[in-house]
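Structures for review follow.
Here chain A shows up in two complexes: once beside chain B, once beside chain C.
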Partner chain A sequence: MTMQTLPRRLGVAVVTAVIVGFLSIKLDTFRDYQIAEVAYEVTAVAGLTVLTGLSGQISLGNGAFMAIGGYTTALLLMHLSWPFVAALVASAAVAAAAGAIVGVAAARLRGPYLAGATLMLGVALPSVAYAWPGIFGGDQGLNVTFTTPAFLGATFPLTRWQAWVSAAVALVTLVLLANLCYSRVGRNWRAVRDDEVAAALDGVNVAATRILAFVVSAVCAGLAGSLLAIVTSLVAPGAFTITLSIALLTAAVIGGLGSLPGALWGSLVIVLVPTYVTDVATSHGLSSSVGSNIPIAAYGVVLILVMLVFPQGIQGGLRRLLTTFTGPDPKTRPWHDASAAHVTPSADEAPASQHEKEGTS
Partner chain B sequence: MKRRTPRLRWQAAAIMTVAALTVAACSSSSSSSPGSGSSSGSSSSALTASAPGITPTTITIGSHQPLTGPAAPGYSEIAPASAAYFAYVNANGGVYGRKIVYKYLNDAYDPTTTASDVRQLVLQDNVYALFDGLGTPTHLAAISFLNAEKVPDVFVASGCECWNQPTTYPETFGWQVDYVREGKILGQYVAQHFKGKKVAFFYQDDEFGMDGVKGLDYEIPASMIATKQSYVDTNVNIAPQVAALRASGAQVVVSFSIPAFTALLKLNSLKLGYSPTLVVSNVGEDPITLSGLLEAFAKQGGATVNGNQLIDGIISDGYLPSLGSTSNSWIALFKKVHDQYDPKAPFDGNVLYGEAVAYTFVQAMLKAGRNPTRPDLVSAIEGGLPQGPAVAPYAYSASDHSGVTGAYIGTIKNGALVQEGPVLTTDASATGAVTTFTGTQQQAPASGIPSP
Partner chain C sequence: MPVVEFLQFTLSGIVFGMIYAAIALSLVLIWRGTRVLNYAQGGMAMFTTYIAIEVIYHTGSYWAGFVVALAAGVVLGAVCQLTVIRPTMNKPPLNAVIVTIGLLILLEGLAGIFFGGQYRSFPAAFSITGLKVGTTPLGVSRFDVFVVAAVLVTTLALAAAFKYTSVGLRMRAAAFNATIARLSGIRVARMFTVGWALAGLLGALAGVLVSPSTFLYPNSMDAIFVFGFTAAVIGGLDSPAGAVVGGLLLGIALSYVAGYGGSKGSDLTSLVALGILVVVLMIRPDGLFSATKVRRV
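Then we have the complex of A and B:
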C-alpha cells in the first residue's frame, strides 16, 4: 500500500461531499430525503458487497444488523439523550458484536447453508421487537427525534441536515472500506475466497479472516440502521423485514459484487427507480391496479437487463465501456478484476492466476 | 501497490459526476412550489391558491395505501373507492368549484416505503392534506413527519387508539371506531347475552388485537374468561391455539383477527369438531371477503365448503349501514357511485368504507371554507362534523381526535351482516359506559354530496 492512495480517496470523497452538498441545496427537499435514503442504503450495501464480493460469504440477514443499529440508536437517543454521533458509534459497536457472533457460526458454513442461516437471522431477529414490546415498542416501534442543530438556524430544512449527516457517514464508511479492501485484510479476504486451502498454506487464518469480514459488514449495516432511524424518524419491525435484506443483496449485485462504486449504483437504482416509475405511471393516468404493479415490473426488468447486459453489474459494465474506448489497461487493477473473475471467470483471467497475482502483491 | 494508475482517479471522478447527474436528472419531474396565501372565508370571494395543494381549480390530497403485498387483498379496493366518490363529487360541481385530485402511492404495507411516500407527497407533490393513510405500523412511520410539517393528517384508515393524541399529534385524526370502543361494545354484548358461559379470546398479537382485548376486558368479568390465545399474522399455523381454545371448554370465542385469520380459525375449529359461538370484530368479518377466503383455503386443502353457510351466525359489529339493507339511503348512494365510477370492484365492505370516508372528507372540506388554509381544515374538524354515513356520531372536538363513537351488533345471515338491536356508543376509557344511541341517522342527501 503506497501513500498516495489515501489522499486520492480522500480527494474523491471531498469532491463527492461537495457535489452532494451542492445538490442538497439546489434540489427540493424531497430530493434531500432521497439523498439521505441513498446514503444509508449505500452504507449497508457497501458492507455487503465487501462481504459477498471479496470474502465470498453470502448474507441474507444484513437487514437484521440494520435493525440492531436502528434500535440501538433509537433507545440511546430516547432514554439516555446521547448525542447522535455517540449513538452512531455505539450502534456500530453493538452491530459489530452481533456480527462477530454470527460470523463465528458463519465461518463454519458454506454456500446455501450460510445463506439459510443468515436468512433465518434476517427473518427472526426483527420479531424480537414483538417479544418485548415494553422495550422495543412492539409493532408500533420507537419514534426517533432528530433535529437540526441550532447553529444552522431555525429555517434550515431537516431533510437537508439528514442528507448531510447520512452522506457524511456514508462517505467516511466508503473511504475506510476502500482502504481496508486494498490493505492486507482485503488481500486475505480475496485469498480465502478464491482458495481456502491455498490461503491457509500461505499462513492466512481462514476462520478469523471470514469472521472479520462479517464484523465489517455488520458494522456497515449497523451504521446504516442508525442512519435509517434518524432519516425516517422511526424504527419498527416492519422496516427490517426480509425484503430489506434481499433488497440490499440485489443492490450489491446490480451495482457489481465487490465494487464500492457499484454499491452506489445499486443503491441509486433501488431507491430512485421505483419512485421515478411510479411518477411516470401515475402521470399517464394508468388505473391503480396496473399503475401500482408497474414499479415492481420495472424493477424486475432493470434487474434482468443489468444481468443480461452487464453480468458483472453496472460497475463491471462501465469498466467494460471504458476499456472499449481507451483500449485494454495493461496493468490489472487487483480489486475490481478479482471480483470480476469471481463472478464469471473469463478465459484471459482465470481465478487461479488471479490469486497468484494477489498473493504475491 | 505498484499497479495504481492515474486513470482510476478520472474514473472515480467520472463516476461521482454521473451519480450527481442521475440525482439531478430525476429531480426534473419535481413540481414547482405553490403559492401560499392566507385568505379564507365563506363569502363568495374569488377562489385563490390559499394553501399548498390548493389552486383556484383543484385540491390535491395524497395517501399511502397497500396496493400490492400481503395487505392488498381487500384493502387495495379502498383508495379506488374513495377516488370514485371524489370523481362523483367532481362531476357534480366539486368542492366550491374545485376538483379533488387524489394521489395515492403504494407502500406495499412497508413502513420504510410509507416514510418515503409521505415525504414525496408532502415535499414534492405539495399535497394539501394526507387522507386515509392505511395501516397502523405504516402510518406510524408517517405521523411525526406530517405533524412536524403541519400537514393535516385526516381520517387514518386504522382503528388504533394512537391517532387520538391531540396534544402530541394535533394534525392527526382517526375515523373508524377505534378497537377499544369496539372491544367494549362487543364485550358488553357477550357479558349480557352469554351469562354463565365460558368465553375465550383469539386475537392478533399487535396494537389491533391488544387494543381490542383491552376493550373486551373492560366489559367481560375475568371469571367468565377461560383463555386468551394470540396469533402473529406471519404464521398461518394456528392449530395449537385452536386446540387450546377447545381444551378450555369455551362456548364463545371472541376474535380480534384480520379476515384471513378469522377464516383459519373457523376451518381449524371445524377440523377439531369444535363449534363455539363466534364473535368477530368488524375488520375481520366482511362477509364477502370471508366467504371467499374460506372457499379458497378449503380448496387448497382439497375440500369444498360453502363459505356463506360457514359464516352464517357469526356475531359482529358494524359502524356503517349493512350492505344487505339495499333500502338504506346511504347504501343506495354509494352503490350508485360505485356502479358508475368503480364498477369492476365488488361492492363489499372495503368499497363502502372507501366511499364513506371520502364523503367525510368532503364534509370537512366544505366546512373548512372557500379558500381554506391547512389550519382551517383542522379547526373545521375540531369544531365537530355532522353525522354522516356512519351509524353513530363522530367524537371530533379540540380535545378528541377519534372518529365514529359507536356501532351496532349484528349477525351474519345469507352473506350479509344484519343489524340486531340498537346502535351503541361509548368512549375508549375504562369507566365510560356503553349506552344506547338515541339519535337517528339522517338520510343521505339527495344530491349525494354533503351540504356546506
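Then we have the complex of A and C:
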C-alpha cells in the first residue's frame, strides 16, 4: 500500500470527477439522476463500510441519520433560506451529534443486539415525521427548492447540476475517509475490531474509538441525506424507511466490507440492478404484476449469489481475479481482511462455543 | 370505565405479544444453533400464509390451510438452511445476514409474482366478535383466545420436546457445544437443519395467526418481524423464556401506547419500542435473560 498516498487519492478523485462530468453531459436526464443517486448512496455506504468493516459495529439504521440530514437541509432551506453549502454543513453537524448519542448507547452492545437496536432506530425515527406533522410535514413531507446557479445559464439542466453537486460531495467525502482510514484513527478502529482487549492494553480508548466511528458514519449519512433532499426535491418519511437502511448495509457488504471502492460497486448494484432488470422485464412484455416483481426477486437472487460466490464482496472478487493474473501481492492491505478476524467456524465446527467471538451478525 | 379499558388494552396486548413471542422464539431457535439471525423469518411466514390462503380458497377448509401452512414452514425452513445458509457457515458472519436479507427480498418478489401484490384478507378460525363478561366487553375475541392458546401449546410442546426427547437432547447438545456433540456421535449439521425447520413452523404459525388482523401482502410481516426481533433482543437471543417474556412485554406496552396515546398513539409505537429496547439494553446489554458472561475491556 505504498502507493496509497494523498496525491494518488486526489488523482483518482480528479479522474473520477472528469469521467462523471463527461458522462453527465453525454447521457440523458434519467442517467444524470442515476449518477446523483449513486453519488448520495455511495456517500452513505462509505460511512457505513467504515463503521462496520473497520470498527466492527453493525448498523441497520443508518437511514435514520440520512433522514436527520435530509430534514435538516429541508428545514434550513425552507425557513431560513440558507445557501445549500451552509445547510449541507449544518446537516452533517446535526447528524454528527445524533451519531454521538447513538454511538454512546451502542458502545456496550455487540453483534445482534447492536443490530436490533439500530434496526429499531431506523424503523422508529421516520415515525417522528408522522407524529409531528406541523414541523415535518407528516406523510407528505417537505418540499425542497434547489435551482441551478445563475452563472451556468438558464438552459443548464437541473439534473446535471444535481449530479455534479452530489458527485463532488461524494468524492470529497471519499478522499477524506480514505485519509482517515489510513491514519491513526483508522488503525485504532481496526485494532478495536480485531481484539478489544489487546487494543485497550496498547492504550487505545476503546469506547471513544467506537463512538467516533459512529459519528463519522453518521456525518456521511447526514451528507447523503442532504444530497437526497436536493436531488429528489422532497424529504418524506417514505424515503427513509428501513428498506433504505438495509440497502445501505447490503451495498457495503456485497461491495466488499471495509473497502471504499467496494462502497462504489455496492452502490452501483443497488441503484442499477433493479432498473436494469425492470427494463429487461418490460421489453419482454411481461404483465405488470409479474414485471414489477421480477426485479425484486432478481435483486434478492443477486444478493445471495454475490455472497456465496464472492464471500469478500465484489472488491474481494476483483482482487482475487487480479492476483490470479499478476501473482499474489506481498503488500496485502491490512484492513481488507475485515472478515478474517471474525470468521465463524464452519457448520461442522463449534459455533455455540464461540459466544465470546460472535461477530457482527 | 378506566379499569375495563385497562383490562382491554392488557388483553389485546397479550394477544399481539404472543405473536411477537412466536417470531422471537423462531429467531432464538435459529440463533442458538447456528449463530445466524434470520432476517427472512417474516418473509418466510408471509410466504407460507399465502400458501395457506390458496389452500383455503381451493379446499374451503380453514384447517387444511392451517396444517399445510405449518408443513410448508417446516419445509421452507429446512430448504433455506440446506441450500443457502449452510454454504455461508464458514464465511464472515455478515455474509449470512446479507443472504437472509436476500432471501427475504426474493420471497417478497416471488410472492408478488405468484400471488399478486394486492392486499388480501385472511380468514380467522373462530369468531372475531368481542367476548363479553356480562355486559362488559373484554376487547378480545374467541379467535384471540385461540391465538394465545395456539402459541402457548406450540411453545410448551417444543419445550417438552427439547427436554424429554432424544432429538431435543441432541439439539441442545449441538447448540451447547458442537465439537463435543459431534464427538459423541451427534449429526450436528442435521440438528441445525431441524432447528431451522422448527423455526419455520413457528414463523408459519405466527403468520397464519396474525394475518386476519393485518391483511396479507408481500410486506405484511415486515413490522411483525421487527417487533418480534425486538422482543428477542429484549429477552436475550439465547433464551427461549426471554423470547416469550420479551414478546409479552413489548405487546402489552405497545398496546397501552396505542390505546392511551390518543391521536399520536399509533405513530408513537415504534418510538416507544425503541425506548424500551434502549433502556433494557443499557441495563442488560445481552438482554433480560442473558446468562452471566464476562466481557470486560
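Here is the rule we go by: the second predicted complex is superposed on the first by the 332 of 361 C-alpha atoms of A that agree within 3 Å, B and C clash if a C-alpha of one lies under 4 Å from a C-alpha of the other, contacts with A are read in each partner's own complex, and residues count from 1 in each chain.
In this section, a residue touches a chain if its C-beta (ideal position, glycine included) is under 8 Å from a C-beta of that chain, and two chains touch if they have at least 3 such contacts.
Fair warning: this is a prediction, and the values are worked out from it, not measured in the lab.
Touch test for A:246: chain B only (first), chain C only (second), both, or neither?
Second partner only.
Based on the superposed arrangement, let me know which partner A:120 touches: chain B (first), chain C (second), both, or neither?
second
For A:206, is the partner it touches chain B (first), chain C (second), both, or none of the two (neither)?
second
Would you check which partner chain A:293 touches, where first means chain B only, second means chain C only, and both and neither mean what they say?
A:293: touches chain B and chain C.
With both complexes superposed on chain A, which partner does A:130 reach: first (chain B), second (chain C), both or neither?
Both: A:130 reaches chain B and chain C.
So, A:30: does it touch chain B (first), chain C (second), both, or neither?
The answer is first: A:30 touches chain B but not chain C.
Could you say whether A:307 touches chain B, chain C, both of them, or neither, answering first, second, both or neither?
A:307 sits against chain C, while chain B stays out of touch.
Taking the superposition on A as described, I'd like to know which of chain B and chain C A:236 touches: first, second, both or neither.
first
List the residues of chain A that touch chain B in one complex and chain C in the other.
On chain A, the overlap between the chain B and chain C contacts is residues 127, 130, 289, 292-293, 295-296, 361.
Which of the residues in chain B come into contact with chain A in the complex?
Chain B reaches chain A through residues 1-5, 7-9, 11-13, 15-17, 19-20, 22-24, 26-27, 29-30, 33, 67-68, 76, 79-80, 83, 103-106, 109-112, 115-116, 119-120, 122-124, 136-138, 140-141, 144-145, 148, 162, 205-207, 232.
Can you tell me which positions in chain C touch chain A when the two form their complex?
31-37, 84, 86-99, 101-113, 116-117, 174-179, 182, 188-189, 192, 218, 222, 226, 229-230, 232-233, 237, 264, 267-271, 273-274, 277-278, 281-282, 285-287, 293, 295, 297
Spell out the part of chain A that touches chain C in their complex, as residue ranges.
Contact set of chain A toward chain C: 52, 58, 105, 108-113, 115-117, 119-121, 123-124, 127-128, 130-131, 196-197, 200, 206, 242, 246, 249-250, 253-254, 257, 289-290, 292-304, 307-308, 311-312, 338-339, 342-356, 358-361.
For the complex, which residues does chain A have touching chain B?
1-2, 4-5, 8, 11-12, 15-16, 19-20, 22-23, 26-31, 33-35, 37-38, 127, 130, 138-141, 143, 145, 158-159, 182, 228, 231-234, 236-239, 241, 243-244, 261, 264-265, 268, 272, 275-276, 278-279, 282, 288-289, 292-293, 295-296, 318-319, 322, 326, 329, 331-334, 361
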